[in-house]
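Letters are used for the chains, namely A, B, C and D, taken in the order the chains are written, and counting of residues starts over at 1 for each.
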Amino acid sequence: MAVLTFDTYGKTRVRLLQVRRDGARHGVTEMTVQVLFEGDLAESYTAGDNRKILPTDTMKNTVYALARRKPIASAEGFACDLGRHFLSRLAHVHQVKVEISETPWNRIADHGSAFTHGGHERRTAACVFTRSAHTVVSGLRDLQILKTADSGFSGYLKDEYTTLPETTDRLLGTILDADWTCSSPVQDFNGLHAAIRSKLLDVFAAHHSLSVQHTLFAMARSVIDRFAEVDQIHLVMPNTHCLLIDLSKFGLDNPNQIFMPVDEPSGLIEAKVSRD
Amino acid sequence: MAVLTFDTYGKTRVRLLQVRRDGARHGVTEMTVQVLFEGDLAESYTAGDNRKILPTDTMKNTVYALARRKPIASAEGFACDLGRHFLSRLAHVHQVKVEISETPWNRIADHGSAFTHGGHERRTAACVFTRSAHTVVSGLRDLQILKTADSGFSGYLKDEYTTLPETTDRLLGTILDADWTCSSPVQDFNGLHAAIRSKLLDVFAAHHSLSVQHTLFAMARSVIDRFAEVDQIHLVMPNTHCLLIDLSKFGLDNPNQIFMPVDEPSGLIEAKVSRD
Amino acid sequence: MAVLTFDTYGKTRVRLLQVRRDGARHGVTEMTVQVLFEGDLAESYTAGDNRKILPTDTMKNTVYALARRKPIASAEGFACDLGRHFLSRLAHVHQVKVEISETPWNRIADHGSAFTHGGHERRTAACVFTRSAHTVVSGLRDLQILKTADSGFSGYLKDEYTTLPETTDRLLGTILDADWTCSSPVQDFNGLHAAIRSKLLDVFAAHHSLSVQHTLFAMARSVIDRFAEVDQIHLVMPNTHCLLIDLSKFGLDNPNQIFMPVDEPSGLIEAKVSRD
Amino acid sequence: MAVLTFDTYGKTRVRLLQVRRDGARHGVTEMTVQVLFEGDLAESYTAGDNRKILPTDTMKNTVYALARRKPIASAEGFACDLGRHFLSRLAHVHQVKVEISETPWNRIADHGSAFTHGGHERRTAACVFTRSAHTVVSGLRDLQILKTADSGFSGYLKDEYTTLPETTDRLLGTILDADWTCSSPVQDFNGLHAAIRSKLLDVFAAHHSLSVQHTLFAMARSVIDRFAEVDQIHLVMPNTHCLLIDLSKFGLDNPNQIFMPVDEPSGLIEAKVSRD
């Protein structure tokens, strides 16, 4: 017999842009929000009984209404407000998960009300509310970075399918995803995000890299060491390859100057580092 | 102190196209392969010691070499061959996960060696090999489907943010992702995949839908009921909305004829159904 | 002094899905429409005078209203209806260009009201209406095709940067764009589109190809030869490469069996063929 | 009879990353290059005679070799070097068109050899070389910008399909494409590009906008007025809509604070402005 063993539903890709109008100095916050419920919802699946189904369209409306009721101070704060709102009203819902992806906008020079889009990078926040607890994960996605010195890869395991030459000088590029959790309440999510992002970039830039794994750990460790409130950080770092072009057939050397970036294949390196 | 609490590495987006040349009647298999290792690898992260790191470039080469050694019979079979290969050779690796996404190609009429690309849909296979067990998950991604009759949504929970009108006749569109596992060895992964895909489409088309949840469960249950070897199926069905255009301002009715498809936002409905 | 030397404006990416409900047997047409005006519009640019600017939002509404007033029989027909509508009403508009891209949907088995998305390929129609004439261009986009036999490339020009080996047996893949115009009125745009598409595929499949240029011309010529109403056809055929993997380092041959498809770089071959 | 009336071929999406290593202070230039030939090439199409066809693979190799022979000083300069190279060697080629799209990279703080990707925006250069002349077009693509004040749209033409409310305060967003040509030789393409980009942003930010057309012309005119060497500029500005959310059903006002950004549909406004 077929039985329902897991279910969840909600709304995804709710796009919101909030303009804060403090006189002539405006601020812009753009987000994409996802809300997912778990709970006592099985009858909607097994019998088409919708009496416990709050429409996903209502979730969308709620995102907009709550943003109007209180200006968004941080992605994490707004995610928690949404989670709390739904869980407090719907007794049959056991868990609300809110995920937010924030699109960066940067002010044009010192203009009060004009902005340029900040590119691919996203700031993220995920809050999971249950009856007994709630967790907050902060992070970033798609921060593409490249270092042109202090990166090598050698001394590795070889078998009969290994053709990669060892090198002490290569390009190291990645598109960083990071997520971190804090053990104590955070007063300033925006400031903490900026500081952790800056620390990750600094260590990436300065590290004498023996592998992506090596640099990933150095980056993660630096966050644990520097930020007492962070108790775990999870980094995903694809190795987005830049292939050195062989110009010898044309009588030319190529001392790490001319590369072909390729999107695929790529390495994929991932780890979690925690406070002991 | 910072400690490594999880790590994995591997190669992603390895693209492979295999041509089978049985006389003038060719066959084409296109796949994208991902290989991930877990094991005794911490020294590479914490000390830059690469002695246990098989390069991800070698993983890529291995994909191509194994495909040459034995023609690919199925995505599942090839994923298992790759997993077995790596685990049997590398004592310090505890788990190998191979994920394959297969791109469809269709023969042009009855030509022996010409094909059209099959679109967005992908067939997937994921195999996880450990020292004690291995699991195989078969599936599909991005199968976009639409039904224009027999779909309603009414009788749902309402609050002060609910504005959605109830309806007994709407469009129901989704982009189906499905994954299933089998409890007994599968003799013909290709045949089973085709049969499950066909069953999912048939039930989607024929179901008198009271909600996406309702139809999702009917589809999943039909697979459990029909295929004795399947012990669990996981479906993800976004509700990709088509908005009915209000033409009343122009003196026109619109009895479910003219819609605006929108990519975002969308509902998101997900469930697992298992054999009891 | 700065003078306005060209201007146009309009609406792009208007998405429309029309359901035709002939009893239980439904039909689905999905399109994306773009409308562009040229005319006596300079004051809107130079002085912010909007009195001759029909809002692009009105263009969008018109697309939906006209689709309701008369079922869409063909992309070309609907494009012409839209062009005629605007030009006949707005004396200061000198040209209306309507471009339509149609998304394919295929019926699921013999179900009356359920469909699968047809993938990346699009059918296109572009109509340009002026006071003195109108032109119709029919076409298709993103028809990805591959042949695994009867394709070579040799005897080409070489210089000191040429490293490509000559071959009499390679894969030939492309993502076809085609546009054609007719010299006489077309009674059945849908039938003509299907027949030309089929002819292009047949010639691609059967041609003994000495280069992409060679096959492109054979395809184009076959349309001119077969369809008396077509007076010009324009084909764009990128050469989407599949790289033969060198397995010799692993003691393996590779007689055109194992390839790596790459998205970039690609060749780009383009030509127009006309009736003399 | 079918005759060839236009043809061109070349290589597209050649990706190049050049690292300049001036001691510990590195520089990075990433480009995607396209090269297209026109000339006496008809026999390759009509007869499969490849004797005048320089392989597109050779074009790719040439891009890499020329980048090694001389460091890239500007996109325009490199495009011209490539055009000159091919035209001077191949007597049967009548025109070489080189198009370059440059990907921005920004230095991380003051690190010498670490960079972040600059996002969606691209700098472009297109050079067309013929036996008698060559032209250079400089530009940018995908510069996404938004202004939250000083933008209205009213006083426009209305018909029975017009439902858009007039407004004196709306968001104005666009994704700017710009191309410009110069009448006199340019000494510093990089400096000119930066100065024009900055001027476009400044005018966008400061303009009291009565329509997208109005702001587009002000931006274009400012470039003609300020930069004596520019003789024409072409701007394309989609109107990427942010929809004001109606919160009145929830007892909330919405004084231009909460919006839903939508990718489609969008307005499309385009013009060329020239020096008289």
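Criterion: a residue touches a chain if its C-beta (ideal position, glycine included) is under 8 Å from a C-beta of that chain, and two chains touch if they have at least 3 such contacts.
Every value quoted in this text rests on a predicted model; they were computed, and no experiment measured them.
Annotation, subunit A versus subunit D: rotation angle of 180 degrees from the Cα superposition, expressed as a multiple of 5. A straight line joining the Cα centres of subunit A and subunit D is 30 Å long. In terms of their C-alpha centroids, the spacing between subunit B and subunit D amounts to 37 Å.
Between the CA-based centres of subunit A and subunit B the separation comes to 23 Å, rounded to the whole angstrom.
Along subunit A, residues 15, 61, 65, 161, 163, 250, 263-264 each make contact with two or more other chains. Chain contacts in this assembly form a complete graph, since each chain touches every other chain. By the touch criterion given at the top, residues 160-161, 163, 249-250, 263-264 of subunit C touch subunit A in their complex.
If you check the complex, the residues on subunit B that touch subunit C are 15-21, 24, 26, 28, 30, 61, 64-65, 67-69, 105, 108-109, 111-121, 143-150, 171, 201-202, 204-206, 242, 245, 247, 250, 252, 254-262. Per the touch definition, subunit B reaches subunit A in the complex via residues 1-15, 32, 34, 36, 41, 44-58, 60-62, 65, 89-90, 153-159, 161-164, 209-214, 216-217, 220-221, 224-225, 232, 234, 238-239, 263-276.
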